[in-house]
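Going in written order, the chains are labelled A, B, C and D, and every chain counts its residues from 1.
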């Protein structure tokens, strides 16, 4: 598998150097792998810090900026960051109003961020944590590490970020984040495995005529293989998996929909897939308030897609529409 | 039985680093089957840093050696294995205190505490198809001999093959995790083998 | 090659349906394959219309909006649009101030847009045309169809779009477009071929250990194959190919730089590649005013990258910084 | 020699559509080697629309049949081949005027004008490795017989294999365009073969 890299060991630091050069509005500490807003800490504002393994770009560093994250700490590819990184991001962005860590529910992320939180509090930073666990493909939470955090992370970061930008105190920002995390559900499908720089090839074998349902975002295989389906059929399986998790009846409020590419699927196909997703949502009686289509929570070069629905009351829709100014998500400002 | 001094622990960790370096691709390959294909890379990054740290600030006691190694793993590895192996070594080192030499029995006792800390941190139990399935049997056998510990770790690692994973990334696969050796159990075996090898060289 | 599609024949219309559902700020005529700004025609404003084969998303429909294009007409995959589409886009957006067609230099695009221009003028629309031919990989213009239009198109559309938004008359907008077209140079590299829906597999064979230099954006092979190189080496070959075309000495003014992904290369790698490109530019004495990194002018799922440099005086930099509000490019508003 | 009536032209275009449908994958394959892998799809889309248009508004004369087909190709195909083949048929149709029947010689003359229009529009000459390399010899041979025209088109298409492309997408490949048959020349051969075949069925 050919990659546009120098050496596998330097992929993340090379990317951070390149990001710094493209985004003067960010402060990038390449050595320590921390990205923060240039205007951080913002006086009186609660800071939002997230991070995780690299390979999901633009998440998280691409979501740093006004109205979303204050800091991000990218780990090595598909490897959660070490506690030091998260502590640095927290210290660099805390205005005294406290820090909310947004953590995707993976064993590594949880353990490292928990250590970070302890260390940050030792340094006098008031730190809260919200867990994103939106992946409905993980049904059996008792006998697994629990639901994975995937596309829902974007909604938690955007909506809690908007609340923080408006000056909400830590408890309120945390409450919004928790509400959003609870309101999100995701389901992903792979048409191909991704290749990590370290392995130099696909992380799993997916035969030509098959797809993988219920995948995560770390190149890990999913739970079920099926013969290849059309875009419309994939939309049906996906939406139905999401709605089943809502208890069979559609969400009461309209949803914010993220039709997300895993990285290797052309935008042309993603837009076409969105048409099918919206068709199925309409047929199932789900109202859609806002739709975002693109590669936001990716898995390197994996071909495939995921759908995240976030049930949103008027207040959440308002927070979605609020200005955001980051490398990857930008509107209203 | 010979007491184990600081030099022994430094040699053990160095031998472990060499084994990890040698087997990194295999570990990644195992992780590729039921995880995210980075366990070998993670362990190599961590143990390379451990070797460097030991050379830079030579530890004054067995406990200090393990403490330094554990802190280094926590701050260099990330992922699930970083905090878990880091906790294992830090907690074990703390149990050993600052004694200049320790016996195999002392080490077995301290490692027992370290492994319990791993179980507490990660919420896993024996049979969940994790590093614990190699570590727990090894620690139980260590009072008998280094060779028995290595043997137990080896059997423990092999025993993960038919298990269904209940913790860590592999758990997402459900039944499809069956039939593959757990990468963390494989790396734990490397650490215990390095221990036996170090002891065999005349210190055990 | 697995794709997230229904049937190959409907890929473009499916995508347009999905785009309409995601972007209420656009008017999408799915049947006739035309996308225009909702507020078009904007009184007194010169209209910018572009189009070309699909498969380069987000270009062009993703560049429709305030400060950039007024209309776009996507053809079938890698097939230039038919004249009718361009005429419709022109008629729907012309406020009476005239229309500028921005055409990439491919035989098909040139022929179809020329027919469209005649037809539009028959309908009373004042229509000008600017040709983008920025691909320095095509060296022998006499014995070829001439230089291809690639990444430079983004700069022409953005900068002329900003001038039009400010109320410049057709001659001025056309002059800016022509200046920008002349100031842009691009060079592309493929690590893999792309797969078109119609063919269902890769459009050319690229062996594991090789890359293809000087590629176009239509899945056509390039001019030279070389053993695989590192990101740093690719940056050197690419930048040097561009500078050689500047006559050996670096551009006098700073450049706007586009470090563009062909679609299948992860953003993580693109940012790392940007670091190398900037290193080489600095070493060659080229000042960089602005940098954009991402998948903007793509070739379906092709892995690879291209670099476009646009030499920019203060006025062009000002036009670059001017507000733009489209699906794919958005800032300042 | 029999005069060619409107029915002949409709049958020719229908036979051409069938040939394009049958050979679409081959044309795309040829275009994949030196172009962008869409020529078969483009031609199929165009000729399917031509068949539909002919059925919907049956033309009143040979010239009208070609004009309708040409306009349909322009408005349905896109790419390089749409305007070029569209122009070929429109211009040829215009030359035939509204005569109810035409001779083979009339058709050869009109096609000559059509092919010249293609050359003018695309700026290509014989030897540039384009559809012209099949069309021009065919038109020159047509006064002799339909079979001679088909034979000439066939030789012309084969002759594009060793050529270096100087127009269209294939020109970007430089020397690497050598060794492949031009897709447009191949589709032109299909049109001329359909013409011979239609004539052989009793109208030529």
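We take it that a residue touches a chain if its C-beta (ideal position, glycine included) is under 8 Å from a C-beta of that chain, and two chains touch if they have at least 3 such contacts.
What you see is a predicted model; the values in this text were computed from it and never measured.
Shared contact partners of chain A and chain D, listed by label: C. Distance between Cα centroids is largest for the pairing of chain B with D. Look at where the CA atoms of chain B average out and do the same for chain D: the two points lie 73 Å apart. Centroids of chain C and chain D (each the mean of its C-alpha atoms) stand 32 Å apart.
Between the Cα centres of chain B and chain C there is a gap of 53 Å.
Looking at chain D, no residue sits in touch with two or more other chains. Each of the following residues of chain A touches two or more other chains: 77. In terms of which chains touch, the assembly is arranged as an unbranched chain of neighbours. Under the contact rule defined at the top, the touching pairs of chains are A-B, A-C, C-D. Within the complex formed with chain D, the chain C residues making contact are 8, 53, 75-84, 106-108, 111-112, 115, 137-138, 140, 143-145, 148, 196, 198-199, 203-204, 216, 218-223.
Those residues of chain D whose C-beta lies close enough to touch chain C in the complex are 28, 32-38, 40-42, 45, 74-84, 121-122, 164, 166-169, 171-174, 176.
Only residues 2-7, 10-12, 14-19, 21-22, 54-55, 57-58, 62, 77, 191-192, 208, 211, 228, 230-232, 234, 259, 263-276, 278, 291-293, 295, 298, 300-301, 303-305, 330-331 of chain C touch chain A when the two sit together in their complex.
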